[in-house]
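Chain IDs A, B and C follow the sequence of writing; residue 1 opens each chain.
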Amino acid sequence: MNNRNLLAGMTVAVLIAPSAAYADSFTMWARADDSTFMTKIVDAFNAGHADKVELQIVPTGELVQKYAVAAAGGSAPDALSLDLIYTPSFAAAGQLEDITDLAKSLPYFDALSKAHLSVGTYKDKIYGVPFSADASVLIWNKDLFAKAGLDPDKGPTNWAEIRADAEKVKTLGSDIYGFYFSGNCGGCNIFTFTPLIWASGGDIFADNGAKSTLNSPAVKDAVAFYQGMVKDGLVPEGAKTDPGANFFAAFATGKIGISPSGSFAIGALNSQYPNLHYGVTFLPGKDGNKSSFAGGDNFVVTKGTKKIELIKQFLDFAYSLPGQTLLAKNGSLPVRADIAKEALAGLDERYLIPAEAMNVGRTPYSVVFNDLINSPNGPWNTTLNNVFFSTPDAIDQGLADGQDAMQTIIDQAAQ
Amino acid sequence: MTAPLTRQRPPRTRAIMLMQHAAGMLVALLFLAPLAWTVLATFKTKAESGEPPLPPWPVHGVSVENYFSIGQFGSGLSHYVGNSLFVAISTAILTILVSVLAGYGFSRFRFPMKAMLFVLILATLMVPFQSILTPLFLILAALNLQNTLTGLVLIYVTLQLPFSVFMMRNAFDAVPNEIAEAARIDGVKGLRMLVFVLGPLVLPGVVSVGLIAFLNAWNEFLAALVFLTDQDKYTLPVLMTAVRSGRFGAIDWGALQAGVTVMMIPCIVLFVALQRYYIRGLTAGAVK
Amino acid sequence: MPAGRSRGLPANSPPAPGARVYRRKRRSWAGLIYVLPAVLLVLVFFVLPLCMTGWMSLHNWPLLGESRWIGLGNYIALWKDRGFWRALSFTAYYTVAATVGLLGVGMALALFVERPRPGVGFYRTAFFLPVVVGFASASLLWAWLANVDSGLFSPLMRMLGITESPYNLLATFTPAFWLVTGMVIWKMSGFYMVILMSGLQSVPTDFHEAARIDGATRTQRFLHITLPLIRKPIALALILSVTGSMLAFDQFYIILAGGPQNQTMTAVYWIFNQSFVSFRLGYGAALSVVLLAILLVLSVIQLRLLRDREDGR
């Protein structure tokens, strides 16, 4: 595989050699969450090209701030692998280069992830193209299921089944819990909790992000579902204050029956916890159905960069079959539907679930996504943290207040 | 309650003294326990450092793998220790230079706008520097110093100034006038007076100003976080946030404790070695 | 300016009682040269950014894109910003708790280590050691001790029989608040101990002897002799503690992230969020200006109160 990469790279290098008299480079940032596959793909590109990518890994929580501050100071990188949900706000700020032409010139443009492109588009222009993908799924611990007398190969397919299975698992011991979610993590919950709402026919936004519908029946049902499990002790105490640090780690301890998670978990569990037996299924709605959050990164280009030719070379490489295979092997789903199966060939077949979930996956669109959703102090996180861990009669008021708070921020941004 | 009674030191007084020492030891243990707990925890194995630290010492074998894993982040631990040392030492030296000069000036001279300038320097204490981070960034960018350790040092020195200048002025004030007067009669003036006559007398102040500057620069994290965009330039506290955010956000508590320990050790060693100066300097600053 | 006139004075002024003073402190530009580096640094890295903050506060100033003059718009919005006022009142609450704790514990420790006694060096070092550990390290350390899964406090509480099941100290306001306040007292009271100790040591012992002979109790002596005499160190400690607490950020950011549900959001944290999360730099600047004004007023009031009493005596 490495040889093939090298060969492909060298071919490209030879082809472009005449035009590039001397080696050039461009700078690119990526978040720490992506460090595994980002480092691999950049190394592979650099090994096969005279021109280089200078990759900088930035702590996930600080990427947006650091990029914005660097841009204000004129030291922004040429390109950035950006958590896709931030594409609208950076495009709205006028910080990104319009890459509509570049994107549409790609022969496989139609096969690129639709969810990525929908948030990569701002006022009918494309500012971000899909780079890596991560879909939310439900994972369960097969060992605990077996011990609890459940069928270890059958994951829950609706909320009642999740609840019933979690209760069974909880009976296994005082330090074993049925269900886990990060209760103080806006990013985790938009990724894994909203699909439960979507699959039940509801949503948290209406009018393309212009209206908050947090105080709606489907949301209330989903909140009550979580809250009931918390109240009955199926969820560990630490969930209340987990800012996402245990989003993956809690399940990996082997003491959690069921947890919503992401496709990244498959690679991480396989490599770090090879003895943990787990299954992967879709995030269900109240009465079945399925949905997913189509997450991952959009590749964006800083406005005014002079390295656009070089950047295109790198994109071509990342989108090639060797590139997509390399990404898939290191924790990202393929972003090209036409070669997804090929890129995933030979890998853990549990990857096929998130790959399919990606096709039904959705991504909320908002220019103030960070303020609303991801900020630990934003209304989404504080509202959910409040209602998940309170009493049933507090849900209505909590959601109503949360909807108001979200609407205020949306309206403020629109001014 | 008469004087002779206390002079005799009856058994009751001794009992009270013992009780005081018992209470003192207990409180001292409370103050030291969290530090000891952290240092001990770093020697646990990876598996054990995820468990509650009871007892605090390693049970399943002593291990230094936490130090290895912290050593593997980015360009290697020694690189970041180097960055932190550079920033902290430069800050200490510059702070000493600037504040000794200013303290001397404010204490021994009268000049136009003196009171106003003194208040101006002290006023730095009143402003949350978090709130002027963005303008600071723009200024550093204009000076071509953004994303450099030098820029960070200049900011840290400025943040140190109110305390340091205040303290050095008091230190110079505390020097009996006769000493300077005698030296002046011998023809010693200006910088020579400062370095050879007054300098040794204010040394405790100098040491504590330097020490405090070192510690604050070594420990500061928010400005370093915002101003340094290049991971090769991170200081230890920023590295620790990167460790804490980790892959998939899972906190490696063992590595984190190891990092915290590496950050704490120089502070503790320096303080224990220099505390006599330090506390005397701090005291001189507070009494006036 | 009278500067020029007074500069000529020393040479021919008569040797009056003030002579020593003017000879020591000649009015000249020499002093200015010594303080110049400090003043320059403060001008460039403090006054200038402060003025820019004032300027930015009158603009709609996103981090990216064009800024737009909006006059007092930010200040009007601020007036109606419930989050900011809630953060401010929380900060005031915390400031009172922390200051009482720091000065109380600091004073108790100072009284304990003031006079030489066997082991006093050890006590002073032990009480002071947490001060030299950075706020970031201390917060990370306590975040670890307090976390319910692999920390110390929850299993300790179970061992001591205080709770039966794992208890998440950070999940509700009251324990979370006192945990952080306790951390600050642990970390900082050694500092206040040293400041107050220096004051205590400067109180002449014969004052106490005289009062003791007059039959004053220990408490009376402390209240009526010691306290008035160490007014200045107390004033310094008070101002440092109030200012420091009003600007609290690191510990609430690292340990609690402002939670649960933003109930431990401090004023600086709110400003940080507006500036560096929402990138409303102009608005953040306006908030900074208001916070700065509040701090200045508080400091002036404290100085006044303590100085008035001094004059009254």
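Heads up, the rule we're going with is that a contact is a pair of C-beta atoms (placed from the backbone, for glycine too) under 8 Å apart; a residue touches a chain by one contact, two chains touch by 3 or more.
What you see is a predicted model; the values in this text were computed from it and never measured.
Summarising the inter-chain layout, the chain whose CA centre lies farthest from the centre of chain B is A. For the pairs A-C and B-C, the larger set of C-beta contacts lies at B-C. Distance between chain A and chain C, defined via averaged C-alpha coordinates, is recorded as 42 Å.
If each chain is reduced to the centroid of its CA atoms, chain B and chain C end up 16 Å from each other. Residues of chain A found to touch two or more other chains are 65, 69, 72, 246.
Contacts with at least two other chains are made by residues 50, 134, 138, 226, 244 of chain B. The set of chain C residues that touch two or more partner chains comprises 63, 149, 154, 276. Listed in rising order, the residues of chain A touching chain C in the complex are 65, 68-69, 71-72, 90, 93-95, 174, 184, 236-238, 240-241, 243, 246, 368, 370-371, 375-377, 382, 385-386, 389. Per the touch definition, chain C reaches chain B in the complex via residues 1, 3, 20, 22-35, 37-39, 41-42, 44-50, 52-53, 56, 63, 109, 112, 117-119, 122-130, 132-137, 140-142, 144-145, 149-152, 154-156, 159, 186, 190, 194-195, 197-199, 201-202, 212-213, 215, 217, 232-233, 236-237, 243, 247, 249-250, 268, 271-272, 275-276, 281, 284-285, 287-288, 291-292, 295-296, 299.
On the chain C side of its complex with chain A, the touching residues are 62-65, 147-149, 154, 165-168, 170-171, 257-262, 265, 269, 273, 276-279. Residues of chain B touching chain A in their complex: 50, 134, 137-138, 140-141, 146-147, 225-226, 229-231, 241-242, 244-251. By the touch criterion stated above, chain B contacts chain C in their complex at residues 1, 3, 17, 20-21, 24, 27-28, 30-32, 34-35, 37-38, 49-54, 97-99, 101-102, 104-106, 108-114, 117, 120-121, 123-128, 130-136, 138-139, 154-155, 157-158, 161, 165, 177, 180-181, 190, 215-216, 218-222, 226, 237, 240, 244, 253, 256-257, 260, 263-264, 267-268, 270-272, 275, 279, 282-284, 286-288.
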